[in-house]
Every structure is written in structure tokens, then in C-alpha cells.
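What follows is a pair of complexes built around chain A, which joins chain B in one and chain C in the other.
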Partner chain A sequence: MIKILKYSFYDLMRSRWSYVYLAFYMLLGFVLLFLNSDLSKATITLMNIIVVLTPMIGTIFGIMYFYNSREFTELLLSQPVKRSTIFLGQYLGLSLSLSMSLIIGLGIPFLMYGITQSDAVGNFITLLASGTFLTFIFVALSLNIGLGNSNKIKGFGYAILMWLFFAVIYDGLFMISLIVFGDYPLDKFALGASLFNPIDLSRIMILLKLEISALLGYTGALFQKFFGTNLGILISVGVLLLWIFIPVMLMLRKSLRKDF
Partner chain B sequence: MIQVTDLNKSFGKLEVLKGVSFSINRPGVFAVLGHNGSGKTTLLKTILGMVIPNNGELQVNGAAIKRSWEYRKDIAYLPQIARFPENLTVNELIKMILDIRNRKGREVELIQRFGLEKFLDKKLSDLSGGTRQKVNIVLAFMFDANICIMDEPTAGLDPVALIELKKLIEEEREKGKTILITTHIMSLVEEVAEEIIFLLDGKIHFQGTLEEMQKQTNEKDLEHAIAAMLVPNGTHNH
Partner chain C sequence: MRILLALFFALIFLQSSGQIMVCPSCEIKDLQQAVNLSEPHDTLIVKSGVYPVVDLEITKPLTLIGEKGAILDGQNKSYVLKLLADSINISGLKIINAGKSYTKDYAAIYASRANHLVIENNIVVDPFFGLLIEKSKHGIIRNNLVYGENVKEDEAGNGIHAWHCSNLQIHDNEVFKMRDGIYLEFVDESIIEENYAHDNVRYGLHFMFSNNDDYIGNRFEHNGAGVAVMFSKFIIMKSNVFINNWGPASYGLLLKEIYDAEVLDNEFTENTTAVFIDGTSRINYVGNVFNKNGWAIKVSGGCYTNRITGNDFKGNSFDVSYNSKMNDNTFDGNYWGDYTGYDLDKDGVGDVPYRPVKLFSYIVNKTPETIILLRSLFVDIMNFSEKVSPVFTPDNLVDRTPAMNAFK
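Moving on, here comes the complex of A and B:
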């Protein structure tokens, strides 16, 4: 599997897009720090960008990579390699290269502004960790969509819709249901609902770590009340890991039945 | 060596293979023939495990291939359309396959035979169709696999390369390999194939030697024999 991972990774490093993505984050980091030299404030601004952007990039790259690497996949399938190895290798290669672009791209400007000497270093690491989680989650989800749709246009459409659902529509539905069912106790429902959206979950995780209760929002506050800060963080990390594990398992199962 | 029993495969509503059964128990060159869309490629891909059959059994070297992958160590495959990862150079692609197979190959000799030396550092996306096909041939033959599956190996080849390919097939046959080949070029079949597996409407319509086919259809010429096969009940006249 390491070999497949290595070649997928090389292949991606060859493509211009990894560098565009890296350059984008680097630029973003420098601009943010230039406009707002307070590291912890810049971290918060960055959070709002990361929880929306990393899922989007993961989704788009995931689905694009799946369709573009079809030749590579077919070539590998005719070799003596296990199917699950091929897909797991490609998945990890893609997720790792995207995560590296994120970590290096943001790491360089923040390191240059002396993040290691400030108190915001823990928060910054949490931020990168949640971006990495989201990348791994959304790449897995979009690969699932790719495996399920041979039609590129359809696959692309579904993938974008999936991202839109988690990034925007989910929150909307959640808000509406809170208003409609405002007369009932909704604590447990709200708590449960936030577990089913990895974007919400990572936002809560970051905010719990940042200890900014003002920004926590309804579900975040519930999380804190129910579990306390530390257990809250632990639970959100655990559920995020499940969010990686389950789609990856589904992807591997799907790949075993697919015709090439 | 290869045993196929009652193989069925449909893509959606389209039934491609409807109970295909045949076996290949000896080395030699076997031509899989049939008109366009008769399921030749699908059949070859199921043997490779790239297409998953709806039902039926497939054995390679005496073991069922379902959910197995080790058996592919013994199979070389030359796909119909030579499509490769575009960002790689020829050299990198060959190195990669050598690395993945974890075996020594005879790529240097084959590169020379097909005159690919000057393309080694070119990206695959910059190569012409014929040159890609030559790379395809190198990849398929560089390992000493006992079974070789070739789907339209002549596509886009120039006459010189075609002669070289025929020589290569001949050499492999002499080494005792089993070679499965699909092609629409009947002269190639006549030159290299010993046995014909004829697919019609998703079933094996005929399996036997060229002579048997000629006898059965009363046609001397292979092309006419094939045409006679395509027309049911031998009503074909010319």
C-alpha cells in the first residue's frame, strides 16, 4: 500500500494544483497576519475560513482526482495488487498531499510571525488538525460519490451538493427546526444533530479549544455544558475519527464491487 | 490453466455475457473472436478481476479467483486502449510497474526491440497512439508471466512494430506460455493462433482449431469462415 500511496502522492506533487493550493494558503496566512498582527485573532478568522474551505477543496480535489486517475487505477487493477490496497493507497496519497499543502501553506507565515513563542500555538495546531480531519473526511466522501457515479458531470454535481449540504444547508435546516420546534426541549436533538455534521463538529472542537464561549453558539454551548471542555474536545475528536473511518470503509466496500 | 464456468455479466439492462463456459488447458495462442460489442473485452477483464461477474466461476491455475489477487502475478495484460497516468514519463512508468510487481523484468531488451529509447524521458501524454501501444507491449511482456492477455494488441502499430509483435508472440508460445488475444485482424489470427474461441450473443459459439472451424463452415478462407459463423444455420452464401 505504501507503494501506491507513494505513486499517488508523486503524481499529485507533479500536478500544478497542489502548488496552487499551497500558495493560496500561504498568501491567506500572510494577508491575515499583515492585516491583523494579533496571532490569536488571526487564528479565529482563519478558523471560519478553514472549516468551510478545506471541505470544499477536499471534495473538489477528491472527485477530480478520482475521475482523472482512472487510467492509473485501471493499470494498477491489472497488476497483482489487492483492490482495497489500491483505493486506500490513493485515498491516503490524496488526503496527505492536501493536508500537507494546508499545514505547510499556513505554517510558514505563522512561523515567520513567531507563532511558536505565543500562547496561540496550541490553538493554531488545533486549527490545522481540524483542517486535516476535514480534508480526510471530505476526500473519503467524495471518493464514495465518484465510485458510485460513472458519469463525471453527475458525480461532480453530487459532490458539490454534498459539500453545500454540510457547509450551508444543514445549518439552515437545523435553525429552522429549532424555530419550528421551539416549544419542545431540544437539547438532545441539537447535540445529536451537531454530531452528524463534521463541519459543525470541527467548529465546536476549535472553539472549545479556543475557550471563546461568546462564539460557541447554541450547540457549542450545549457541548460545553454537557461534556465540559476537555471531554467535549475528546468526544468531537472521536466522532471526527468515526467520520473518517466509516466513509473509508464504505469506499473500500464499494470498490470491491465496481467494474473497471 | 483457465477455466470459465457459466459466466454471466450484465451492465444495467445490457446482458453482455450469458453463461460463458470454456477452458484452456494447454499452452498456446488462443484467439478470442466476435463482432464489436460481443463481450470480448468484458470476458478478458473478468479473468483479470477488473470486472466482477454477476455469477459463474472462474479459475486460473486451478484456484478460484474470486476476491483473490495473487494469481495476477502470473498474468500479463495488454489493455485495449493504452491509457496511462499522464504526468509520468515512459521511464517512470516502467520503473513504477517494476516496483509494484517487485520483480526483475527484461524491459531494456524490449525497449530496444521497439525502438523506444528516444521516448524514455517523454511524458506519456505527449506520445502518439502507436508509441503508447509500444509502451503497452513492453509493460505486458517485460515480466515472464505464464498467461498473457492481449486486447487488440495491434491497434495503431506500424508494420515494423507489427512484425516485431508477431515475433514476440511466437517466442512466447515457444516458451510454453498461454496467450489470449482478441483482434479484428484475421491475418494475425491465421498467423499466430492455434485455437479460436468465438463469442456470439454473449455465449461461446465455437471453440476449436482453425481447421475445425474451416471444416465446420466449409470455408477455406478464415474471414469467410467467421462470416459464416455470424450467420445462423449456415445460410451464408457468397
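Moving on, here comes the complex of A and C:
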């Protein structure tokens, strides 16, 4: 598995897109800090971008890589290697290289502007951690879609739709249900609903970290109570891990049964 | 001429007469004794030392001067000083252990019907009420430091509390960790200047039914709920700093039922809600800076003909929030950090009108729970489409002359 992981990882490291992705984040970091050298403010702006962009890049890269390396995968399958090893290796290689682009790309500019000495360092680490989580989650989800659809166009369509659903449509449905059922106590519902969407979950975790919690009024008080405690943080990290674990398991199951 | 001269000497004589020293090793060791012995307009000089004082009533015009290290110990019993006559001067004292009660308004310095009062340079440590002034006119309260260790509203009194007074000058005081820093009820024609109220459990400054007052250059920091001004008319609020009043129920400035006031050149930084207005009319907001607040201006019902001009709005989560579609207030010539328009003729005024109320802030007003969607992509898309064609937000709520650059 390590060999396949290594191969996928180096393959991606050599590819142009990893550099483009890295360069994009680096540029973003520098421009943000150039326009506004207040690190904590830049972290807030970055949040908006990370929460939307990392899932999208993860999804698109995941599905693209799956279809592009199909022939190589088929070659591997003919060798005496376990299927789960092949796909897990590919998955980890892809997710790791994307996460590294993110961490290095944003890390360098923020380090150069002295993030380690500022108060925003905790927030920044939370930001990178949730970006990494989102990458791992969405790569797994998109590989699932790839395995389920041999038709490239269909696969791409579903992947984009999946991203759109989590990034936009879910929040829309969420908001509508909050408005429609406004006469009922909705705090617990809101808390539960946010756990079912990794993008929302990481967004809210970062929001609460950035002390915007007071804005959230009494709903926020509940959230603060939940996410502010160690138990809450453990639960939300646990949920994020589940969000990685379940799609990966599904992917492995699918890969075992699939007739290539 | 002779009569005048006689009068002049008489005055000098009066002035120089009657200085009474109080100290642990003097002839007069007790403050009560000193007050009993004194004639009106005498000066009592309190030397360094700790003096037990409980319910000391001063019923004649006296000057009480504490030298360095003079401490009045209230022994946790009752009031410490009760000022019940005109022209009393209290300065330089440190008052500790004033009584606390759930049924009586015990205060370190209590004044009733005491006109032309001067209270200055005193330090009051952990009292129930710090200074409690009732039915007094033309008083001066300056350079005092009042502080407690309160955390609960119902166990605390106010730092400087004035009730039914007029023409007071309250300046350069510092109050912290009390219930309200400065509380004014039925106080007219007074000036509150350069005070510093911070870390109080409830409000930094609390105004009720007080008219024609000015408060200028005060600093309100990290109070439970900021500053509240209620049921008052003709108030001028100028050059104050409202900073870090941050919490689920906090405001920088809470205005309720205020008419004909001026809010000028204030700075609001990092408050949950910088200005909350409810039932306020004919108020001018000019030259204020709203920086990094949750809500810069939150408008509740019944606010008419307010004018918001020449203010800076920078980095607030919501600039203006309305809970209805009706608008009778004008927003003109402000600088909006979120403004994305252009200025072709380079006159510093944007050519595209700016709509400060976002659809999302309207929805949050209707259903507060939706705030957890703050900063999500869906909300951005929704706000954008509302900006292009307004449906839900008040359509006449527009800044037609938004400034391109910040004023400050």
C-alpha cells in the first residue's frame, strides 16, 4: 500500500496541477496579507475561501484523477495486489498531496508575516486543520462517485452536484426549514443539522473560534456551549473523522464488488 | 468703601477660621466628634490613619479633606458618609467596607438635598453603591475612583448614581466592576465628561428620564451591556469611545425612546451591536466610526426621521439591520466598507447607490436561528441576488451618495 501511496503521491507531485494549486494558495496568502497585514482579519477572509474552495478542489481533483489513472489502476488490478490496498493507496496519495499544497501554500506567506508570534496562530491552525479534513472528506466522496459511474461525463456531473449540494443547496434547505418551522424551538435541530454537513461543521467551528459566537445570540450560546467544551470539540472532530471513515469504507466495499 | 473693606476682612476671617485636624494622635480622634464641634464652613483635615465611620451625618456646610493615607472604614454596617446640607466638599478620602444590603441602598457617600456639592479625588473600594446623589443641584463629581468586585447584577449597586438632580458635572471618574458604572435617573442639564467605565456587570452608563444632558469624551469598555440611554430628550453624545462590549446581550449604545439627540464623532469598535435603536426619532448620527462590530446599527420599530450622515462603516458583519420594510430614516454620504461601486467623475462620491441592508440581515431578524449560516456561500449568493434586484429589503433605504474613501 505504501508503494502505491508513494507512487500516487509522486505522480501528483510531478503533475502541473499540484503546482498550480500550490501557487494559487501562495498567491492568495500573499495578496491577502499584502492588502491587509492584520493577520487575524486575513484569517477570517481566508475562512470564507477555504470552506468553499477546498471541498471543490478535492472533488474535482478526486474525480479527475480517478478517471485519468483508470488504465494504470486496471494494470495494477491485474497484479497480485489487494484491491483495498490499491484504492486506499491512491486515495491517501491524492488527499495527502492536496493537503500539502494547502498547508505549504498558505503556511509560507503566513509564516513570513509572523503568524507564530500573533494571537491568530490558534485560529490559523484550526483553519488549516479543517481545510485538510475537508480535502480528505471530499476526495473520498468523489472517488465513490467515480467508482459508481464509468461514464466520465456523468461522474463529473454527479461530483459537481455533490459539491454544490454541500456548499450551497444544503444551506438553502437548512435556512428554509428554519424559516418554515420558526415557531418551534430549533436550536437542537440547527445543531444536529450542522453536524450532517462537513462544510457547515467546519465553518461553524471556525466561526466560534473567531469569537463571532456572540453575534449568534441565544442560538450561538447553545453552539458555544456545545463546541466550546472539550466534549463538543471531540464530538465535532469525531464527526469529521466519521465523514472520512464512512466514505472510505464505502469506497473500499464498492471497489471489491466492482467488475472492472 | 469702609463697609466693603470691613466685609472683605470679615470674609478673610471667615475663611481662615475653623480648621479642625483629625488624626489618631490628635486631640480629636473621631470624625463624628469633629463634625459635632465644627461650625458651618469649617474645614476638617483628616490626617493619615484608619477611622471607623458609620452613618456620619453632615448637616452643615463643611469641607472634609483627606490627607494621604486617610481611610474611612464603614465596618460593613451601613452608609459611611451622609451629606445632608448645601456646599459640602469631600476630597481625598479612601472609603472601605461600606455596608451591603438587599433591602437598603447603602452607599459609601450618600447625598440628599445637597446643592453645590463637590466630591473629588476620592477612592471608594467595593461599596454597595459608590456615590449616591439624590435631589441635589449644581454638584461637581470629579476624579473619583470607584470599584468593586461584583459579578452578579442583583448583588451589586451602581458606581455613581444620581437621582432627581440637575446641573451636575461628572467628569474624570473611573468606575469598574460595579453594576452600572454611572446611572442617571431624572437628571437634567448635566455634563458627563471624560469618564472611564469598564468591566461593569450591567451598563457602563445608564440614562433614564434625563433631559438636556451632554456626555462627551467618555470611554466605555467591556461592560456587560454597554451604554443604555432611555426615555430622554435633547441628549448630546460626542466623541465617546465604545469598545469591546461583547457578549450575547451586549450593546455599544442602546437607545430607547430618545428624541432630538445628537450622536457625533463617537468610535464604536468590536461591540456585538454598536448602536441599537428602538423608538427613537430626530436623531443625527454624524462622523461616527463603526469598526469590526457584529451589527453597526440595528433598527427596531418606531424610528423616524433619523439622519445618518458622514459615518464610517468598516468591517462590520452587518452594517444596518431593519426588522420591517418601512423606512423613514436617511442614510446619506457614508463610507461603507462593503461598497463595490465606482466613481467615474472622481469627486469622491460613488456613482452607484449603496444598499446597506442585506437580505440575510432581514432573514436573521425574522428567524434568529438562521444566523448560524453566517458567512456561508449560500448567504453570499442570496445577498448578491437581492442586491441586484431588491425585493425584501426596504427599497428606499439607499445611500445615494456613498463616499469612496473613509473619513477617518
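Note that the second predicted complex is superposed on the first by the 244 of 260 C-alpha atoms of A that agree within 3 Å, B and C clash if a C-alpha of one lies under 4 Å from a C-alpha of the other, contacts with A are read in each partner's own complex, and residues count from 1 in each chain.
Please note the rule applied: a residue touches a chain if its C-beta (ideal position, glycine included) is under 8 Å from a C-beta of that chain, and two chains touch if they have at least 3 such contacts.
For clarity, every value in this text was computed on a predicted model and none was experimentally measured.
Asks: Looking at A:204 after the superposition, I want to know if it touches chain B, chain C, both of them or none. Which is it: first, second, both, neither?
Replies: Only chain C; A:204 stays clear of chain B.
Asks: Which partner chains sit in contact with A:247 here, chain B, chain C, both or neither? Use first/second/both/neither.
Replies: A:247 sits against neither chain B nor chain C.
Asks: Counting only touches as set out at the top, which of chain B and chain C does A:55 meet: first, second, both, neither?
Replies: Neither partner.
Asks: Looking at the overlay, what does A:146 touch: chain B (first), chain C (second), both, or neither?
Replies: Neither partner.
Asks: Is A:171 contacted by the first partner chain B, the second partner chain C, both or neither?
Replies: The second partner, chain C, only.
Asks: When the two structures are laid over each other on chain A, which of chain B and chain C touches more residues of chain A?
Replies: C
Asks: Between chain B (first) and chain C (second), which, if any, makes contact with A:107: first, second, both or neither?
Replies: Neither partner.
Asks: Which partner does A:93 contact after superposing on A: first (chain B), second (chain C), both, neither?
Replies: Neither partner.
Asks: Touching A:257, do we find chain B (first), chain C (second), both, or neither?
Replies: first
Asks: Quick check on the superposed pair: does A:182 touch chain B, chain C, both, or neither? Answer first, second, both or neither.
Replies: Only chain C is touched by A:182; chain B is not.
Asks: Can you tell me which positions in chain B touch chain A when the two form their complex?
Replies: Residue positions touching the partner: 11, 45, 48-52, 67, 69-73, 75, 77, 79, 83-88, 96-97, 99-101.
Asks: Give the list of chain C residues in touch with chain A in this complex.
Replies: Answer in residue numbers: 246-248, 250, 272, 294-295, 315, 317, 363, 366-381.
Asks: Looking at the complex, which residues from chain A come into contact with chain B?
Replies: 3-4, 7, 11, 14-15, 69-72, 74-83, 256-260
Asks: Can you list the chain A residues touching chain C in their complex?
Replies: Chain A reaches chain C through residues 41, 47-48, 51-52, 167-169, 171-172, 174-175, 178-179, 182, 186-187, 190, 194, 199-200, 203-204, 207, 211-212, 214-221, 223.
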